[in-house]
Every structure is written in structure tokens, then in C-alpha cells.
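Structures are listed in the sections that come next.
Two complexes, one shared chain (chain A), two partners (chain B, chain C).
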Partner chain A sequence: MDSIIPQLIVNSIIAGSIYSLVALGFNLIFGTTKFFNLAHGVVAAIGGYGAFAMLKMFDQNILISIIFGIVAAAFFGWLSEKLIYRPMRKNKSSGTVMLVASLGLFTALQAVIAIIFTSQFKTLSTNVGRTKVYEIFGGIITETQVVILVTAILIMIGLGLMMKFTKLGKAIKAISDDEEVAKIVGINTNKVIAKVFIIGSAIAGVAGIAIGFDTGIEPTMGMGLLLKGVIAVIIGGVGNVYGGVAGAFFLSFVENFGIWKISGEWKDAIAFTVLLLFLIFRPGGIFNKKK
Partner chain B sequence: MTVKIGVTLPLTGDVAMLGQNSKKAIEMAMEDITDTKYNYEIVFEDDQFKPSVGVTTVNKLISVDKVSALLSFGSPVGNSVNPVAESQEVAHINFFASDMNVANGLYNFVNYTPPYKDAKLFVSELQRREIKNLGIFEVQDNPGAAAITQALEEEIKGTDINIVANKKFNTGTRDFRTLISEVKNENIDIYLLQASSPELEIVYKQMREMGVQVPVTSIETFEFSSDISLFEGSWYVNAADPEKWFVDEYISRYSDSPKFGAANGYDSIQIIVRAIEKVGNGKTIPTNEKIRDSIQNTKSFDGALGKNLKFDDDGIVVSDAVVREIQGGSPVTIK
Partner chain C sequence: MEYLIHLAILISIWSMLAVSLNLIVGYTGILSMTHAAFFGLGAYATAISMTIHDINFFLSVLIGIFVTGVVALIFGLILSRFRGDIYAIASFGLNIIVFSIFLNWQELTRGPLGIPGISRPEIGFGLDFIFKSNLHFLILVAVFAFIIYLISEYVVNSSFGRVLQAIREKEQTIQVFGYKTHFFKLTIFVISAMMASVAGSFFASYITFIDPSTFSLNESIFILAIIILGGLSNNKGAFIGTVFLILLPEILRFVGFPTDIAAQMRQIVYGLLLVGLMMYRPQGLLGKFRL
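And now, the complex of A and B:
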């Protein structure tokens, strides 16, 4: 086996874990509300900056900072649903109109982050250059990445269990199938959707924090993250929570193995080529030939 | 009579520290100029080191502020200001561009060490240190970095130095691990890191995390870093050093050392003011054409970057590169 392959696999798994976290929350919200919430990207940035504020500006410990970042992301997700998307849904706004609104929210919040924290790149890591590293079959993985990977796996399992075994999970599925019918059978759809925004945004916040520790954060980080998350979602099948995870790993493997043979500057081009191929030849995603 | 001069700089963003530093140098230059026929007003705009924002700021400076001349900073913004300055016929000096294309046209000038000077010194330093195998990590969408790499490739031809690997990436890349994996086992003596902050620090950090302990160097880019101490002990080639009097005056005025490009900014604004003074009568503002010709004819200018500075036929003030080393967290010129 080529000696670079284990490292490529490790790199792909780490990138896939982060893409998965974004795709999970995005898909959860889309599956329930049926609109592309572009503000999801900036919610991830809010998570990262929330943790940064606590850790570096208020000298809090890592655990408190991480919890604060997740809560901040969840709060902004809930607030956007309560103040913007819910009234729009009430007014029967189309998915396109809501998409535009979410883009506006994305831009506004990104600007606010830049004003408060400046647009300079910042890292959450407190041990830059001194991170503990492990070797797996010749591939190197840092301690931070191990934590990211384990966290992503736990979140995926947790979300899966929630969807399958809890009342909330069943209510989400019901709304996802047909919101009007869900209302008729007595589900408080507004309450469930609010919870979906809280959970989805909290997961996005975790992604933002993970990136903050692994590389770093900047106000514009949301768009790149969102695009990768959306591509993963489309590859895996829009609205399919597990498909999104598969799409995320598929994307990260294609990207990392792609730039092994062609130059690194093509990484984003590879991602978008994959997106176009799926949109043309398999619009339903990996697991769904039709649609 | 007041003459306005427009300056577009990265006052916020990843290289804001360089932009802010240059702004202070320009203000210092204006305070150092006395006995002028005109009053001068410097209008600063923030371009965040982004070409698209640079176009907006320079259009605003020309059409709203009605400036008589322009200064810009860096190759990316310089390239986007170039056609605007040319079409609007406003003299423009870029004082931080390695890409000499920024000086193309009748109204555009560059006051910065050209890449062939950097490359020549860099190759001679590699030879002096008996370094044969070079690996490069290079941001491909920055015209300044590309111009330097191109000059380096030219300079290396015919020597016994090999570019073993040249890994290119886009600005905004945050995960370099696959690129590092590809070169990790190559026989490389030193890595040339051609990227600005934060890509520079991230690629370095990820190299070290992945066990690549080979020395690193740069052509100018270490001075872009917000955390230069990361590269402690590393040597690199930098653009021309400022004169001692400039450094002393800057420190005494601002209690801070002038950073990369500050002296070029100081000289460039003084070149413009002196050019205007030379062709103006103090009652009417000289035409843009006269200002341009006066700048082009600048000769024997004694400035912060040395004596007898002048523009060559391509509109470039040619200055010599230096070798520096990071010692105690600060850059020190060693050659």
C-alpha cells in the first residue's frame, strides 16, 4: 500500500466528521421546514466565536467555553426561527423567499461578528504547535482531531437514537412527511420546529468550535462550511439525515484523494464538480436513484 | 488650495497590522513635509487587502473625493486599482507590490523591491548554505506570491538547486494535511512558505503536527505573520530595509517599530507631494497628466529607503532585497 494512503484516509475522516456535523443540522432543519437555511453556516461561526469569547476574552476554562459556544449557536438558531422564519411560515412565504431571508440573516450576522471580533483569523487552541499526536497505520492524527472524531460519532449516534426512539424524533418525522397532517393529529409544529432549530444549530455550533480548535475561526468561515455541508446533503439526499453523513464522508474522501493526484488548488473545484455530477445524474442522492 | 491624495490600505482584515503601520508612516511623512505651495489632505480608505473592495475604494476616492493621485498597497489590490487609475488618468503608486504588472500603463507606478531582486538573493543564499532540494507551499491566487515564485524558478535554472515539490493552494485553504502528506517523505532540505496570514501559520503548524521537522524559509511572507515568533531561528529574504533615521523617527513618534512596507509608504507619499509641488503654482491644481510626468521624472530622491531613488523606464523604484532572520521573536537583518 502506498505510504500516503493511511494519512489520506485519516485526513478524509477528519474532514468528513466536520462536514457531517454541518450536514446533520442542515438536513434536520431542511427535513422539517423544507427550506434551505443558509444562515446555518453563520450559526456555526457563532458557536466558534462564542467559545472564543469565553476562552480568550473572559479567561474561562475550555469546558465552560465550549458549552457557552454551543448554547450561543443554539440560541441564535432558535431566535432566527422565532423572529424571522416562523412569521414567514405563518404568512405562507415560499421556500425561495425564506432562502433569501436566511441569506440576508447570514450576511448581517457575519458582519456583526466581524465588527465585534474583527475579521482577523483566530484560533481557540491554547497549545499551538504543541498538540499531542498519534499514529494510526502510518497516518498521523492530533489529539484535537481525535476529540472531533469521537464527538462527531457521538452526535451522529445520539441524533439517530433521538430520531428513532423519542417522541420528538417521531414528531419531526411526522412534520417532515406532512406538516398539515402533523398539525391535525395534534403535534404542536411550532414547538417541534423550534426544537429542531435548537438541536440543529447546537450541532452547527459544535462544528464551529471543532474548527476553531483544529485550525481557527474567522467571520467568513460560515460560507465555506455551509457550501461543503450543502454539497454533502445533496450527495446524500436532501432531507435524509443519514444520507447527509454518508455524503459528507463521500465528499471528503473524493476531495482528499482527488488532490493527491492533482494540485491542491483544485480542491473546491473537485467538490463542486461532484455536486454537479450528482445534480445531473443522481439528483436524489447516493441512496435514491429516482426523484 | 488643498490637494487631495487618496490612499487605499488594508486597515482591517488579516494584514491590518501592516496597513495600520503604513498609515502611520504616511501620516509621519506628511508631518515631515514643510513649506509647501498647497495644503494636502490624505483620504484613507480600507480595502481589507481584497481586490474587489479595492476597486470600490479607489472609485470612491476618484469620483467622490476627487483625489489628484493614489497610493495602494499590495499586488492583489494593486492589480485591481491599475485599470481604474489608467482609465481615469490618475497617477497611482503601489508601495507593496511584488507583481510588477501593477506598474503597467502610463499612470501606474510601483515603489517596491522587484521579485527578480528577491529571487537572486534567495538563490545565492541557498547556494551559500549548500541547500540543494527545495519544497514550496504557495498560495496560487495571490499575484505577488506568483510573481516571486516565477522569478525564483527563472533564477534557479542552471544551478544545482532542485524544486522537489511545489504545492499550490487557494487563499482560504485551512486544511493542508493532504498536501503535506504528499511531500512528507520527499528528500527536501528546506520548505519555502509563500502565503500570507493565516494560511502561513496554519500550514506551518500542520507541518509540525504531521512530523515534518525540516527548516522553513520565505521570501517576504514571514513579515506578514501575526505571530512571527513561530518562525524563530529561520532565515528568509525580505524587501529592502529602511534607513536608520526612518526607523528611529518612527519609533520615537509611535513607540513601535515600523513594519514591512512602512518606509515604502513614507517615500511614496513624499514622491507624490514633491511631484505636485514641482509642477504646481500653488493657485491651481496641476493636471493629472502633469502630475504623472512629474512622478515619472523623479530623480535623486532621498527617502526612507535610501538615497538617489528614481523610477526606471517601467515605472518601478528598484531597491535591493536583504536576508533576515527571526531572532528573539523579531526580524533582524543579517545580510
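And now, the complex of A and C:
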């Protein structure tokens, strides 16, 4: 009997690893700045398009293109912090005001991408249809997807080690707990937050590039990706870095198994229904009962 | 001349949306981003009842108001559990769920194909007058927009409206005086959604064709940008914001940008306006309230 279940599991794992990359960066930024940075989605798109520009428009090799994409994403993340969010923090803007500002930035950058690269769907893959595929228990996984999965796992481990063993990681934790106290004990919070934006945005850039190789990129991809990341973060518990990863996989499994019997177009509706159910019945996320 | 009338009709329709959203965001201080969903519900109610069931336009407006009212009541009950940033994200989610339904419930909405052939308003009862020319349509829609403006002014200047503004300033204080703030927030949410539905009905009848793409999250962000630009908690500001952002792509086209670039340029301009306003003037041009 040909079962569809192994394929659904493979799809869920791939989607889950991409969502967790978005969630990781989002959670880091939220942890230190305490606002929902909606521009995080377009940063992922910048990563994807940066790599695309190098690879397809300037004919560079894959490695240089990927690095360029990641650097581009990190640069824009850093720039947005420096030019927009830092002055706003200084003015003591509320989280909602910063959320709206990030939404504005998102809208503007998305349109810039659409003007430069047109609104058409583009793929980063250079060998469409000729990718190597592997079969695991009846589910098919492409070589690209294996690379994505491994990269995602490496990034998760790397970030975990960084948070645990480096000075920066400790500073990030301190700021997440209480920014004022962190300042008092001599942590240069602006510097740390700038680094958080660079790291988080670079990881988002990786997610954008991964999508570009797996399926393809379009200027409007950021919003969908961002919202999946946000849902993952809320499911996993806001500010909890590994909770976000768990939330991402939970979300991708529900999404992919949800469309087992109905059309795949319903994915987004399923994702947001999951979000609303969580917000109503378990606002602290999977691991936390408290509000 | 026809062109000016066309723009005036668009301004009338969008000013209904802006004025109604201002009731929620500006006067009550809740960041709702699901307005395009109610706009769409009105449009689909009119489109479906006029093309399939051959119902008169004015009756279809009432059907739209009723359907939207019921949906808004349910949404309002769900959203009443959240506040702040989570409220914004949850309202995002509701917009996307409604959008998915427009897109995927193909038996009812014809999905991405949209519904063509919606006719213009018609008065029966022996008069047999059809608002066929754009000038007649403009007069009709302007009258309705003015009525909605008057209702909003009446609401915000009544004792009910003063309670709403008190909720915005400090919800706990007004609760101490024994006001059931949930009830007030829910009521204004439903009223505002019903107004958006009227705008949707006129939009469907004017363009004579609707498809889901008009009612996406981007539209909600656009309406939000209108009222933030014009000024929160100020109905005249909402109108001025509408005039500016509706005319903006026309001005850009006039200066020499091609049509599709002009549409993207509008996004860039209002995105950056949102960022700039949030940084330096969070209450908008004429607004009285800072988010």
C-alpha cells in the first residue's frame, strides 16, 4: 500500500525547519527589544533576493551568492535597528508604535523589491527537475532539502551554544530579563541589540535563501513567512528560543496533516486557526500555562 | 471629467472605510487589522446576492450589513480576550482566515476567478431608476459616505463615544466607574464593521467585478495607513488621509511613472510615511491620540 504519511512527515520537517529559522531570529529580537518586528519577514526576502541577484544576474557561484544574501539580510536588519528602532527606543515609543513602524518598513521594502526584481516568482535552483532525490520510508526528499535541514539544525545548535557559553549570549539573556538592570551593571545594551539584529536577520536571510532553493521567491513571500514565524513563536511561548523551534515543528505538522484531506490552499487558514486556539486556550504557549 | 468622477467615487468608498476604522483604532485605541475582511464580506454579499439571486442592490447592502454584523460579533468576542500587540496579530489572523475563505470556498465565491457582472444600483417601486452613469453613482455613494460620516460624528460625540475615548485613555479607570468596557468595545467593533460592509457593497457594484485579492491583509494595512496619516481620532483627518493616499498613485503616474511602478511607489511612500510618522508624530497629521 502506498501511503502518503511518510511524505507528509518529510514535508512537515522541511517546512518546520524553515519556520524555526524565522522564529529563532524573531524571538531573539523580541526578547531584547520587546516589540513585534514585522519587518523581519522582508529581511528574509532580502536574503533570498540578494542571493538571487548574485547568482542569476551577476553569474557568481553558489557559495558567494549565499554569503552575499546572508550579509545583505544582516545589513538591512542592522540598518533598520540603527536608523529606526534605536531612535524610537530612545523616545520611549510603545511596542504598538514600533510594530506599526516595522509594518511600514515592511510595506516599503517589499515594494522596492517588487520594483527591482518584478513581482514574478523566481527560483534560485540552477538545476530544476534534475535534483537528486532520496527516499526515506517511502517519503521523497530532495538533496536541497537535506542541505536545508542540516543547515537549520546546525544553526539551532550554534545559537544554543552561543547563548550558553559566550559573553554575548549572557548579555542577551540579561537584557531579555530586564533592560534597565542590564544597563546598570554595565552592559552596552544598544551594542548588544545591534548584534542581535545582525544575527537574527542573518538567520532570517538563510531562511529566505533556503526557500529560494527549495521552491522559489517572490516579493510578497515575506508576509507569509513572517506570520508563520510569529505563530511558531506564540505557540512555543514568546521569548523562549527553543519553544519557538518546537512551535515551528508543531505548526508545520498540523498544517501539512491538516491538508491531508482538503485542498492545500487552506494551509494559511489552518495556521491561523491554530494560532487563535492557542491564544485563547493556552496563551503562554505549549510549555507554559501562565499568561 | 469621467476620470475625476472615478477618483471621487474611490475617495468616497475609501473614506467610509477610513472613518469606520477610525472608530476602532482612533477613538477606542484598539489596533485592529482586519478591516479589509469586513470590506470584502460586504462586497461578496452584494456580488452574490445580485448576480445569483437577483436581489436589489439596496437589499443586498442590508444583507451585507447583517452578515458582516454577525461575523464581526464573533470576531469581536474572540478578539476581546487579547490586548496590545497580541490583539494586532490575532486580528491579522482573522483577516487571513476570511481571505482564505474568499479564495477557497469556490462553490460560493468562485475563488480566484472572482465574480463578474455585478450590476449598478437600481430603484424599483415604479420609479425604475438605474444609477448607470458614474455621476449618478457618485452622488449616491457620496450621500452614503456622508451619512456614515454623520453617524460616526454622532457616535463619538455622544456619551457612548466619550466612554470609548475613556477606554482608550485608561481602561481600568472607566471600569472602576462600573462601565462594562467589553460591551462598549464589542459594540463599536460591530458598528464599524457594518460600515466597512457598506463600502464593500458600493465597491462591488461600482467595479462590477470582485476577486479575493482586493481584500487581503495589505488592504487592511493600507486603510490603517490612511487613518494614521490623516490623524487618529479625527474624522476629518481620516478623510484628508483618504484623499491623499487615493490620489497619490495618480499623481505619481502624472509625473511619469508607469502604472505598475506607480502602484509600488505608493506602497513605498505610505510605508515610509508610516515609519516617519511613528518616529516623529505618532498621532498623525491632525490626530489627537498617540497609539
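Structural remarks
The working rule: the second predicted complex is superposed on the first by the 289 of 291 C-alpha atoms of A that agree within 3 Å, B and C clash if a C-alpha of one lies under 4 Å from a C-alpha of the other, contacts with A are read in each partner's own complex, and residues count from 1 in each chain.
Here is the rule we use: contacts are C-beta pairs under 8 Å (C-beta built on N, C-alpha and C of every residue); 3 or more make two chains touch, one makes a residue touch a chain.
These numbers were taken from a predicted model, which means no experiment stands behind them.
When the two complexes are overlaid on chain A, chain B and chain C occupy overlapping space and clash. Once the two complexes are overlaid on the shared chain, A:279 sits against chain C while remaining clear of chain B. Touch criterion met: A:227 reaches chain C, while chain B stays clear of it. In the superposition on chain A, A:265 makes contact with both chain B and chain C. Of the two partner chains placed around the shared chain by superposition, neither chain B nor chain C is touched by A:71. Looking at the shared chain after the overlay, A:133 reaches chain B, while chain C stays out of its contact range. In the overlay built on the shared chain, the residue A:4 is in contact with chain B alone; chain C does not reach it.
Which of chain B and chain C touches more residues of chain A: that partner is C. By the touch criterion defined above, A:35 reaches chain C but does not reach chain B. Mapped onto the common chain A, chain B and chain C collide along 62-70, the only clashing stretch among 26-34, 62-70, 278-286 or 296-304. In the superposition on chain A, the residues of chain A contacting both chain B and chain C are 114, 263, 265, 268. Contact residues on chain A toward chain C in their complex (touch as defined above): 35-36, 84, 87-88, 91, 93-101, 103-112, 114-115, 223, 227, 230, 234, 263, 265-266, 268-269, 272-273, 275-276, 279-280, 283.
Against chain A, in their complex, chain B makes its touches with residues 12-14, 16, 48, 140-141, 167-170, 172-179, 181-182, 184-185, 197-198, 202, 205, 208-211, 226-227, 230. Contact residues of chain C toward chain A in the complex are 31, 78, 81-82, 84-86, 88-90, 92-94, 96-97, 99-101, 103-104, 217-218, 221, 224-225, 228, 261, 264-268, 270-275, 278-279, 282, 290-291. Put simply, chain A touches chain B in their complex at residues 3-4, 7-8, 10-11, 14-15, 114, 118-121, 128-129, 131, 133, 140, 142, 211, 215-216, 218, 224, 256, 259-260, 263-265, 267-268.
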